[in-house]
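This is the structure, below, for whatever I ask next.
Every chain is named by a letter (A, B, C, D and E) in the order it is written, and numbering of its residues begins at 1.
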Amino acid sequence: MIREALTVILISIGLVFMLFGVIGIFRFKDFYSRILISSKVETVGFITLMAGVVIKYGFTYFSLKILLICLVVVITNPLSTHAIARSALISGFKIKEEK
Amino acid sequence: MKKVINYTTMIVIFTILWVILNESATLFQILIGIIVSIIAIYFTNSYLLLDDYIAYYYVKTFVLIKYLIYLIFQIYKSGISSIGQIIRGDSKVIIIEYESCLNDELSICLLANAITLTPGTVTIDKKGNALKILCFEGNNEIKDAFDVEVCSKFEQILKGRK
Amino acid sequence: MNNNSEIIARITGLLYPFIIIFGVYIILNGHITPGGGFQGGAVLASVFISRYLVYPFEDIKIKSLQLAEKLLFFSIIMIPILFLFTGFNYSAGQANSYYLIGMNLLIGFKVCFGLTIIFFRFVFYEGEK
Amino acid sequence: MLEKVFLILTVVLAIISISTTKLRRAVIYLGLFSLVISFTYLLYSAPDVAIAEAIIGSALSTILYLVALKKFQVFTIYYTNYDYNEINYDHVTVRRGQILKDIEKFYVDREMEPQIIYTTENFKHILKTKNYDLLIYQKHSDFYIYGFEKDYQLDAIEGYFMNEDHGNLDINIIRCKEGEYNDA
Amino acid sequence: MSFYQIVLLVIAFFTAMVIIRVIMGPTIWDRLLGLNMVSAKIIMSIVILAIIQDSSFLLDIALVYAFLGFVGTVFIARFIERRGNL
């Protein structure tokens, strides 16, 4: 019973983090601050939500698979963020002088 | 001798992965898992990487667990502080250069990944051990973490990779 | 201008064996879970495609890949025909699933080679201005 | 309810991806379309189709579209403005001015892909270092368009601006020799 | 309507909001960022759907997105930074 309640709480916290990510994508006025905050807060929400699901299922194959998904996302998500930011910088889209 | 132990560890890890994917731990599945992981490592070494996978990507298990725990702690810490940033609205972005005190390629890449994962900082470029980091102006936490003379906590953890 | 990011190259290299194992898993479990020859083969082909991010050179032998693909295609056609002529008893449950797994493996490797050939031909020859 | 949300999203993305004039945007919209439709297949309990759509849509078809777009010529246009030190959102969307819209329309009509980059760097610095096809420099209401001498499109652009009525805008077209300023 | 169905609806609403940003977004990098975010949201929805239907093979599809979602994004970003050369 307490496990169920913990799951509900964790998933709700994850949804709140995701809500802030979506707000951030509309609130910031330029691209670089958007990429700095929004997509990352989204990852925090992702990890929290997955933690909730893992607690619901305990130590089973289902939760092990979810941990695997979590690990792979933690490895690959920075790669795409890095690629997007780097592409914008190299193409010359810039807000302010460097240095 | 050390090479054999490393290979065995890697095969065990991939076999566990196979068992998790298949959701059954019978003897038959474990046997197939060992065969598949040997084939995968051989194929990666000889056709894809053109190098030794294990020597390339070897990280001590203890170091890896410490790294993950500290990473998750750091992600939550700066995630909560960045919610305040979202509520406050717009702010200025600057690029800082940071010279890492690590000299090992994989460790620097893992450090860059960790920097990108924490909200508020994105690694943009890497040349040697110099990293270009995009971050907010006037963010004190970043300054505390990266403008210090000695190594930051991440680097101290990653130093014992081998 | 030919500078790709070192971080992407490094971490993509870390993922190769994981993707290979996942592709083989999708092929081998094609008869009980979603997936099968085509899907697993496409996953395996994406290993070669992501390798282009790391080494953008033309060091894959397209000729021998083509030969292997033709042989696989020939065997995919010939094995069912041989089964037809031998009068094998299909009602046996275990043999049936072995047959499915074998055919899935052949189809998977054929799709993998085919998509790899398409990608590298497009990138190195057809995409020229 | 849930199915309806995703079905509406699918239709919207499909219509947008075929009606946009810029081909790279169409590639991104198609990637989104494949993500959304894969989940819709799952909701209608067709996991086998969904997994095929996931693999094909996320990696293979995107890359094959990009390889096809390699044949398409891309024009890089830099835009700098004397009056602003910073470029924020309003400048990109609202005050971008008629001239950029006209130039974009010019290239799209001729089936070429314009890529406009808004920057605050000094235009002389861009002339020297960056690899550009056109450079537009605005000072109050004067426009300076830098292009290469050999580029035959430049004459067409000049003719285009002569024909259309552009009010009191002052447009100067400056032809540079190949490698006069530029090392890149 | 159970809790998980409500969660799924909320995630669908967020996805729609991000797609609005993608359609609005003035620069092409905004659109790419939106593509990345939608991909993460679809992974979450698949996991929640797997809980509702109680079938673990749906997680394979989430794994496909986790493994291969970055390949397309990285290729598009690279295509833009090299001005139309892969």
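Here is the rule we use: contacts are C-beta pairs under 8 Å (C-beta built on N, C-alpha and C of every residue); 3 or more make two chains touch, one makes a residue touch a chain.
Fair warning: this is a prediction, and the values are worked out from it, not measured in the lab.
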Closest chain to global C-alpha mean, per-chain Cα centroids: E
Pair sharing more residue contacts (C-beta pairs) when A-E is set against A-C: A-E
Farthest chain relative to subunit C (centres taken as mean CA coordinates): D
Centre distance in Å when subunit C and subunit E are each reduced to the mean of their C-alpha atoms: 26
Chain centre separation in whole Å, for subunit D relative to subunit B (CA means): 35
Cα-centroid distance, subunit A relative to subunit B, in whole angstrom: 16
Overlap residues in subunit A, where contacts from two or more other chains coincide: 29-30, 35, 43, 61, 65, 68, 72, 75-77, 79, 81-83, 86, 91, 93, 95-96
Sequence positions of subunit D contacting 2 or more other chains: 47, 50-51, 55, 59, 63, 67, 70, 73, 89, 115, 131
In subunit B, residues with contacts to at least two other chains: 17, 21, 23, 112-113, 123, 125
Subunit E - residues contacting subunit C, complex: 57, 60-61, 63-64, 67-68, 71, 74-75, 78, 82, 86
Residues of subunit B defined as touching subunit C within the complex: 14, 17-18, 21-22, 32, 36-37, 39-41, 43-44, 48-50, 53, 56-57, 105-106, 109, 112-113, 123, 125-126
Interface residues, subunit A side, partner subunit C - complex: 72, 75-76, 79, 82-83, 86
In the complex with subunit B, residue positions of subunit A that touch it: 17, 20, 23-24, 27-30, 32-33, 35-37, 40-41, 43-44, 47, 61, 64-65, 68, 74-75, 77-79, 81-82, 85-86, 89, 95-96, 98
Contacting residues of subunit E [partner subunit A, same complex]: 3, 7, 10-11, 14, 17-18, 21, 27, 29-30, 32-34, 36-37, 40-41, 43-44, 47, 50-51, 56, 59, 62-63, 66-67, 69-70, 73-74, 77-78, 80-81, 83
